[in-house]
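Both complexes below contain subunit A, partnered by subunit B and then by subunit C.
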Partner chain A sequence: MGALAGDKSMAAPARASNRGEARWRRRQRRVYAAAGLASLAFFIAFFAWPVGAVLINSFRPSPAGGFGLGGYARFLTDPFYLQATQRTLAIAALSTAVTVVVGYGIALFVATRVRGRSVWLMMAVAPMLVSLVLRLYGWMILLSERGPVNRLLAALGIIEQPLPLLFSRLAVVVGIVHYCLPFMVLTVYSALRRIEPAVQEAAWTLGANGWYAFRTIVLPLSMPGVIAGTSITFALSASTFVVPLMIGGPRERMLSNYVHLAVERLGDWGFAAVIAVLMLAMVVLVLGLANGLARRWEAAQ
Partner chain B sequence: MTEGGARSTAGRAPAIRLEHVTKHYGSVGALRGLTLEVEQGEFFSLLGPSGCGKTTTLRVIAGLLEPDAGRVYLGGRDVTDLPPYRRNLGLVFQNYALFPHMTVWDNVAYGLRARRMPEAEIKARVGKYLELVGLSAMARRRPRELSGGQQQRVALARSLAVEPVVLLFDEPLSNLDAQLREQMQVEIRQLQRELGFTAFYVTHDQQEALMLSDRLAVLRDGRLEQAGTPEELYDAPASPFIAGFFGGTNLLEGTAFRDGSGWRFKTPGGSVFAAGRAVGPLEDGGAGRLSVRPQRIKVLPAQDGHAPAAGEGPLPPAGSAMGAGARRDGVVLAAVVEERLYLGDQLEYRLRLASGERLTARVPADAGAGLPGDAVTVTVPAAACTLFGPEV
Partner chain C sequence: MKAGRLLTWAFAVLAYAFILAPIVIIIPASFADGAAFVFPPRGLTTAWYVRLLRDPQLGGSLLVSLGIGLAAAAGAVVLGAAIGLGIERGRIPGRALWLNLFLGPLVLPLILTGLAMLMFFSSLGWIGSTRAIILAHIVLTAPYAVRTVLASLAGLDPTLEEAAWVHGASPWYAFKTAVFPQIRPGLVAGGLFAFLVSLDEYTVTVFLTGPGLVTLPIRIFQYITLHVDPTVSALASVMVVVSAVLVIAAERKLGLHRYLEL
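Our next item is the complex of A and B:
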């Protein structure tokens, strides 16, 4: 009975009405619906609700109270915050660019290993197993005035005085790249692994040398992974809080640090919400733009 | 492809020559000192059960695998140390391996662009080969918008467009359904005749290999078992393995006896067969194995004193002066039908001889005689029987 009903609905999916469905199939759909509803409830409780609360809060510029766009006006007219926005975007863009290049290289290396591929992949992803705070302490030691990097440079005779490596733009970018690299490696790696080996072999036998085959076959076919990895990396780097806090210092604060300061120092929850909402909007806008460009580029191919 | 410069300068050197090629490769697919030659313009098939090393051989020729030892020559040139992109080959894959992000046109143009051919020439070439495979109308499509057969035609055009010295095929039709496969077989054969390229065709389908090839070779455990024309391999198998590989065979264990200049074979139960051919060292009264082609056995109703059938000229009638004995050109045996399987165009009979041995016969569907349990007369011409020595 069941199989028969299944065959019918496959033969004429347009006519698959509830009436014609077998009872076991309806029951199955109800189980799925129940599971879906549970997830939806979870999503509303732990994501939509807090985000909604932040959004509503952003229209309540404190301490005066009331309801309006005052908080947004304050942010958008204050050169201090506009500069912070610019800095955040610049750091995120630079970090993303470095992560793409380095991450692609690592992913390509891992994906082309014949032996020990999973060991290499594990090594590339292993940093994620250690707390970011702990890893950043490591960078603090490495980049400090008397740290190994400065001492090595001095020993090589490249510098006389120790460089102010810590609490600089460089430190923040290094920290963010370190933080985002595993995500990029994983997405690009899986895209590379999805390319059929025979496709590249076909290119070789047709007379394409290694570089030509990479440029015309491997790179375009791995682009979906690159785009996904870039999106994740940009979203993570634009919203990072711990990295500039620990190794950026006051001059390299990013927007998330100002959210923190607004709450912690000023007790201004409304303005903190304004910054948070604008950060979200910014990331969504940039990713939307990038996605549109990627799609147009793909269509032009 | 008379304009293929590489081919004309190569003269009469074999298109492909493998010399003692060895490749260690886990437990399956290894090659153990393989030597073979493929002539210019020949359609050559490499055949064998899975894991015999046939795909390894193809990949060594293509340069996708490096042999541990031995040399590979293409058109007389030693290419063992050349990368695949400098060998001027074409390779048609089982799963097509088209470039999914390119149109059909760009797929076919790929090898020409990699060779930096002028764009005008590329246009002419791609147009020519797309037309040859009948896909000019599909030039703007993407591979995923095509059927399996169309995709394999694109792959064929893509490999032909670079006008390679040799076109390698790696089980190209095994993903297609039976009807389409037959159609593509005919098309590939026609293209090969028309364009005159050398084809090296790897398959596990013996029917396909017999039908397509000028010559074929059977590989077994990384060694060449036998090479020759389809007729040679089918009619004169060099080993019981080859005999069983093409069309199936009955393999009987027993004793070999000298009979003048020829050989006879006796089963443990006492049935005597005349062997049309003998292969390998045989001793009079020693052990031997007999291969009997099921298709050459005739099954007739058991009738006393009646000639089995018209056209069976040299065979003596059952119960004649020769009795149950055998003549040089064949034997007549009594048997009982155990099973009768209908295969459409053929009937398969599972028979038990009066001496106890089992024998399978395949006869045209309209030549059937007898149902399970019936007594029948079986005629086995000597031409159906090959006697192998114990070491073959």
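Our next item is the complex of A and C:
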């Protein structure tokens, strides 16, 4: 079959052609399935298996000891780590709230542009293709004691002494919002595009009617996108490592940083695994909640 | 109506300033005469670019990261194509489950993946080796390629491959002429995403570096915690300009935003 035994005259009788076609399709499907299964094996070996090993190791708090919940008990009874959890959740919640509001605003702004829409979209979203380490370096310049933000505030007469903006809670939230905003804009924008006519109508009938149309039609219809974007943002915020590392300083460390410290400073891989698994549980919980919420919302509509 | 429009534009200007400021500031900061975190600077200089060329550590890490990025992108594209075609065309059972597995690295906290890679590769004695970092980066960046390949397959007409058969083509020839050209933009976009993500990867890589092997983002962080001179600004502005050129070119050629939309 195929090209080897193939019939290149193209004058094959229809019945033979059908049988040949079925055989050809089967063979082609097998080739694709083999490629898919090979990559599946790669992913199981280099991703699923190592991640599974972390789960197992989290129940083996010390290399010498046997299996047990000791690591989890240690985490959940240590005020230091409970405080770190609380701080992580607080930072993630605040960052997510800001990202939802600003991200929705930008997505709506893009969706209501008549001209140059893809340029506005790319300007809002392309920064996620620029290295996060570099963007955070940019924030270090902007927020430093003698940097542009402090200079501007001083020039406007708002402050007399430079504010310690860098290495603060504020800096971490700013960094996380900057990191998550493109994801939020994309999700909400995709939702708004699906209800394009309603968005355009609300935009054209500006004023009281436009606001009414937005509140009663556009906002509810785009809610699934908002829920999806919020859960992605929260998951990314709660598990960020680089943002608090670069612009947070030691007082604003989040759970990811303690995973790394458990490895680097304590040399305790089992306890690092405990923190990482608890973080995963948090993310799964939030994503599951958001999923359920989105389903109920769609059912209610 | 006028007030509403004014308010809209005021919001847009502030929001876009917030998005672009930390990227744009890097370029003037790289010409600043004086310490890194004083802005506006007292004078202008190109000294930092000269120093960058003479800095063996930053330059060495840049080369290491470029090599790893290219290898990881190539691996991610091959893997992404195999996964996308396998799931869509090979009809492997359990489609949703496998898709979740392949997109898993995007959902899992990166620090967990990093710890997993540390435990796995240390059991092989591969910590501090380029191959461990490349393999980890392939896992981390393959989801981007999977998504762009799935996006291009969604718009692909399966009858084209059959048409190639009618003309007596072998499956390989049919793939080469009827399928590959159509998924090529998706592969290029996926490869670009994979390259950029690999070049920036910190959280997982930090567990895999060794004394003689430090990737660029980690080197940059080490540098700015030790030095206050703007040599890193020079490097950063080169990287920002190169990424901007890559992204704009890809947007022009491929319509990159189509692959970004969810």
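Everything that follows uses one rule, which is that the second predicted complex is superposed on the first by the 231 of 301 C-alpha atoms of A that agree within 3 Å, B and C clash if a C-alpha of one lies under 4 Å from a C-alpha of the other, contacts with A are read in each partner's own complex, and residues count from 1 in each chain.
By definition in this document, contacts are C-beta pairs under 8 Å (C-beta built on N, C-alpha and C of every residue); 3 or more make two chains touch, one makes a residue touch a chain.
Given the structure is predicted, the values throughout are model-derived calculations rather than measurements.
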{"item": "First (subunit B), second (subunit C), both or neither touched by A:199", "value": "first"}
{"item": "First (subunit B), second (subunit C), both or neither touched by A:161", "value": "neither"}
{"item": "Partner chain in contact with A:129 - subunit B first, subunit C second, else both or neither", "value": "second"}
{"item": "Partner chain in contact with A:279 - subunit B first, subunit C second, else both or neither", "value": "second"}
{"item": "Superposed model, subunit A: greater residue contact from subunit B or subunit C", "value": "C"}
{"item": "First (subunit B), second (subunit C), both or neither touched by A:77", "value": "neither"}
{"item": "Which of subunit B and subunit C A:148 touches, first, second, both or neither", "value": "second"}
{"item": "Doubly contacted residues of subunit A, that is, touched by subunit B and again by subunit C", "value": "206-207"}
{"item": "Residue ranges of subunit A in contact with subunit B within the complex", "value": "196, 198-199, 201-209, 212-213, 216-217, 220-221, 301"}
{"item": "Touching residues on subunit A, where the partner in the complex is subunit C", "value": "2-4, 6-8, 10, 17, 21, 24, 27-40, 42-44, 46-51, 53-54, 57, 102, 105-106, 109, 118, 121-127, 129-142, 144-148, 151, 178, 181, 186-187, 189-190, 193, 206-207, 210, 228, 235, 238-239, 241-242, 245-246, 255-256, 259-260, 263, 269, 272-273, 276-277, 279-280, 283, 287"}
{"item": "Parts of subunit C lying in touch with subunit A, wherever the complex brings them together", "value": "1, 4-5, 8, 11-12, 15-16, 18-26, 29, 36-40, 79, 81-83, 85-92, 98, 101-102, 104-105, 107-120, 135-136, 138-139, 142, 161-162, 165-171, 173-174, 193, 196, 199-200, 202-203, 206-207, 217, 220-221, 224, 232-233, 236, 239-240, 243-244, 247, 251, 255-257, 260-262"}
{"item": "Subunit A-facing residues of subunit B, complex", "value": "62-64, 83-91, 93, 95, 97-101, 110-111, 114-115, 155, 158-159, 162, 168"}
